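A, B, C and D are the chain letters, set down in written order, and residue numbers restart from 1 in every chain.
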Amino acid sequence: MNRPLPLGWLLAAVILVVVPAALWLFGSAYAARLAQLVLITALLAAALNLLIGTAGLLSLDTVVYYGFGAYLTAILSTNYGTTLPTEILAAAAAGALLGGLIGWPLVRLASIFFAVATMGLATIFHTTVLNWVDLTRGPMGYRGIPAFKLGEFTIDGWAGNYYVIAVVVLGGVWIVHRLTHSYYGNAMRAAREDEDCARAMGLSPHALKLQAYAVHASLMSVAGALYAHANNFLSPDNFVLLESGLTLTAVVVGGLGSLPGAFIGALVVVLVPELLRPLGNLRAFGFGMILFLSILFLPRGLWSEVSSLAFVRRHLFREGWLKR
Amino acid sequence: MSSLLEIDRLSRHFHGLRAVDEVSFGVNRGELVGLIGPNGAGKTTVFNCIAGTLAPTLGELRFDGARITGFAPERVAALGIARTFQNLRVFPDITVYDNVSVGAIGRAGVSFAGALLPFLERGRTRRIADSTSTALERFGLAAHAGTLAGNLSYGQKKLLEIARALALEPKLLLLDEPAAGLNGNETEALAVLVRDLRDAGLTILLVEHDMPMVMRVCDRIVVLDSGRLIADGAPAQVRADAAVRAAYLGDDS
Amino acid sequence: MLKTLAVLAAVLFAAAAQAQAQTLKFGCYIPLTGPVAQYGKSMLNGFNMALKDFEATGKLKGAKVVIQCEDDQNRADDGINIARKFVEDKDVLAVLGSWASTVTLAAAPIYNTAKIVNMTPISSHPDVTKLGPYVFRQSIIQTAEGAANAEYLMKLGVKRLAMIGLPNDYGKANIALTRKAYEAKGGTVVFEEFIRPDAQDFRATLQKAMRENPDTIYMGLFAPQGSLVAKQARQMGIKIPIYGAAALDSRDFLKLAGDAAEGVRMLLVYNPSTGPKMAEFFKRYEQQFGAPPEPFAANAYLTFTMMLDMVATQMPKVNRESIREGLDKMRDLDTIAGPLKYDPATREWNFRFFPGLIEKGSFNVVK
Amino acid sequence: MFDSFVAGQLAIGASVGLTYALVAIGFTLIYRVLSAVNFAHGEVYTLGAFATLVAVTTLKAPPLAAVPLVIVVGLAAGLGIERVAFRPFRRFTDEASLKSRAVREATLLSSLALGIVGREAMDQVWHGQWLAIPQDKMLNQPVNLGGVMLSAGELAIAGLSLVLLVGLQWLLLRTRVGLEIRAVSSNLVGAQFSGIDINRVVLATFAVGSILGALAGMVVSLAYGSIQSSMGLTVVLKAFVAMVIGGLTSIPGAVVAGVLIGVAEGAASLWVASAWTEMVAYVLLIFTLIFFPRGLFRRRGA
């Protein structure tokens, strides 16, 4: 049997069984919190990967939709006592809508213009949450966000939190997986590589990019919803441009356009700064060095799109899902 | 024979310069028409107007009886006009298979919902896979399906471009200088291939510099010079035309 | 008989060994990297100095004290991560930190839930100690500062006040509470605006403030921005007095504002001019670290000293709960900042404010 | 409706805008040649400020005597950044890979990472503290210019911007080096075939661009007087925005856009609180891009 490993199932098994088992064994709330942050970051990285890796739009606006979903959830659950399904749906729908509206003019912009415009969005968002005190409670932050609620049940404790996050994140990553590893993904990649040529093939790059943008906004908004509950606390400082940079780092270190890379990248950006704590005031220096060296020596990231796509295609061919 | 493509007094001006000036001709179903002319004659401009890359200044284009003047490229493609590019435009960072599939996708369409829930679009997916495989096999690219397009040889990239256009299952194929940069043997093979496509019933409009090839494969030739149409007829007829000879005087062919 | 003796000896020996090896471990979370790292670093120095001084008193009876300081980068997220880590480390008896109220407000609930004392030497937001019975504070409190500011401003005869603040939790609370107390005493605030902390040029705000014709400008700012505002005000020819928040009581302000600092008034707390004990601390700090301290160093020093003093009385039976009980039983203290009053309802020690004025390049208490 | 208050707010805005413009000059020069964003430019600017501080305090030099030191520091920083963050990504010299998306993104991130490392290194050296240029060395003498009071620092910023702008145009359009720089920026492969040493030209561009960045840091620090290791962070973002509004490759365009951003911030402060003006530059950016997707002053053919 020369079948490649079923990577998706393997990943799901690790996230749903192995990690919780390890956490339970060591009983560490600290490790559990890091695991939750890794998962949420992985969803952000996967969504950003869809945008940068597949649709080719270099974007720095992660914090806009992440923060939007987080604040939306904080406001809904604190003031209206909403439950998890409502919040996830609300965050997904409102995120997609906001992304669609903002994306409509923006995705027309070429390369660097788009990147700078999204950088601007991030700053505009931060200024807004910082100063619109009536809505966001301003710099004090939003405290006392209740725990996840599913119907009448309140999900408390790290294990419950972890599972809610794991299931939603896996769902989100599955969506990105479907979109990228399908003919739809091919169409997006064509629009990324050569817009004129894609149009000559009957594709509408603007529509494809706009859809990618709206989906990424929607998923990030869902990630924000998870974060709001997992943290019980939001402050505008969570949504500064630098945090967008961290997600971008996760994507680059993990490998552009690759979903396993999104998880690897998330592991790196969440755990490396934690491991570097003993460095004290050299910590940021160390992080910069690691970032720099990884770009220098791993220009394609730890798990690049090429290898991951080849991997999946081999798998599909063997399974006979695609004809050669 | 009815006209598949009709070009009626097409003009395109650039900053007052008349790159194409009231050109009219037609392409019949199943016909292989060559569009030639010296450098700067306006061949590529006519080509781009048909493909929707440029909007005509004046005049009308009709395809299959319907007006397509000024349509966007993707709309023209959706109606069944596929094109290749003069300078290679393969997608270098994705595989040969994926390159060709883009043409098939353009034909069958994809949707967001279908990508998420594949069972909704099983038929469509199969159609894309089938036409991709057919096009790959026809051009002998099946063995390279998994390689990145950027790693192919120049000749293979040319073939890939045509395969991708064909995966669109067009009614009309626009070829923009397909022989440019190919050596003698490759040009020969290309000529055979183009002829085969035409024999299989495809309508083709060929813009080409390689005069012997054009003369040999085309059913009819249209000649432009300085934006104007100066001849339209069978190869032998065009070859004998005084105006064409005058236009090409000093030209190396 | 012999057997009994042997057992007894073994038990005694073990007890002695245990006593000898007793380690008291404290955690601390402060910003050690990033734009406010200098404040965290001076706090770290303050903690270390307190530890060294306390070891010299011999009250520890051979026990070893460890303080583990983690960098929170002034980020709430990092504060939470560190909290989870400390909560799990069974050796950590109590935690000190953080600098910014935002970070403390995010992390302290975790310590409170885990029943471990979080004592902040800096964070001055009024809500901090409302988080739960395990959260203590030994710092200036914004409500108290606001009241003292109002009193001083009224004493100076200020009728029309223009207020400029930082748009963060500190600045907003500082401006709001001072404004409330000042207006309650009959003053009028004619202008209030929050500036961009990363800007260099505040003349636009100053010009707007001056249009309202105030008789004093109040700066709810830290030294970097406060010095720029003061300098630019003088440069623009603004002659009216400038009054600063207690946070401006810093050598940095004198250094950065230069001549423009002359005549600026503010409340002083951790300043060598407030008393001989504080002056001595400043002198010793400068000898040890080669530069005069930030006021936060004094805060850190006196908080940790008090904590160690209390813990020493409980030895050898010190645990997380005993520290909370111990702190709660403490009352008024005599410290380098003078006598402090404890308020058991809020678990806070209230500091005494001294009205101050900058003259000839140094802070002076106005008699 | 034109009162002195409004004029004052706009003038203050323009003066702030000039600092953005000054930083944008070097930043845009590097982009124009390499089509690569150098995010470490902000750290060069900071380094220029620290070099000035060292010159006027440790060496006790008068402010203008700091210029040679600042130039040397800028030069060294520029060459270092090129060598460490850009050269390794130019393994291939064909145009496609030089200007390809992958390389551009890689250098964008490598320069960002190098910027972090540089900033933290400066943080270690100067203990992350805010430091002050001594009052007597600062350029804050009031200057009466036809009834309008300006500070010497503002004049120095405006003057330097003008000198650099004119000087750079002269360098680019009238000298051999400039010719080579333009050749490399418009057609890399062609430039290579006509015997231009690409590495040398790229190094020269980085050297010139970084010297300009360091000089900007010097003049701004002399005008405002406060220095910290993270001071380059905000400024480089504003310079970036100015460059993009200006059309990416036009240096005069970036200068005009920089001043425009400042004036817009000044105008906005008439209606909203200062804390909100942070977003003015970016709102301006997004609206500019919606109506002019390639910026305001795009060079033809670029």
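Keep this in mind: a contact is a pair of C-beta atoms (placed from the backbone, for glycine too) under 8 Å apart; a residue touches a chain by one contact, two chains touch by 3 or more.
A quick note: this is a predicted structure, and the numbers were derived from the prediction, not measured.
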Reaching subunit C from subunit A through chains that touch each other, fewest steps: 1
Closest chain to global C-alpha mean, per-chain Cα centroids: A
Of all other chains, the one whose Cα centre sits farthest from subunit C: B
Separation of subunit A from subunit D, taking each centre as the mean of its C-alpha atoms, in whole Å: 33
Between subunit C and subunit B, distance of the C-alpha-averaged centres to the nearest whole Å: 75
Subunit B and subunit D, separation of their C-alpha mean positions in angstrom: 48
Whole-Å separation of chain centres (CA-atom averages), subunit A against subunit B: 42
Junction residues of subunit C - those touching two or more other chains: 33-34, 37, 41, 167, 194
Touching two or more other chains - residue numbers and ranges from subunit D: 120, 123, 128, 273, 275, 278
Two or more partner chains touched - positions in subunit A: 130-131, 281-282, 284
Chains grouped in pairs wherever the two touch, ordered by label: A-B, A-C, A-D, C-D
Residue ranges of subunit A touching subunit B (in the complex, touch as defined): 175, 178-179, 182-187, 189-190, 193-194, 196-204, 211, 215, 306, 309-310, 313-314, 322-324
Contacting residues of subunit A [partner subunit D, same complex]: 56, 58, 105-106, 108-113, 116-117, 119-121, 123-124, 127-128, 130-131, 241, 245, 248-249, 252, 281-282, 284-285, 287-289, 291-292, 295-296, 299
In the complex with subunit D, residue positions of subunit C that touch it: 33-35, 37-38, 41, 167, 193-196, 198-205, 207-208, 211, 223-224, 227-228, 231, 235, 237, 252, 255-256, 258-259
Residue ranges of subunit C touching subunit A (in the complex, touch as defined): 32-34, 37, 41, 69-71, 73-78, 80-82, 84-85, 87-88, 102, 105-106, 109, 125, 127, 167-169, 171-173, 194
Complex contacts: residues of subunit D adjacent to subunit C: 5, 8-9, 12-13, 15-16, 19, 120, 123, 127-132, 134-135, 140, 142, 149, 151, 220, 224-226, 228, 230-231, 233-234, 265-266, 269, 273-275, 277-278
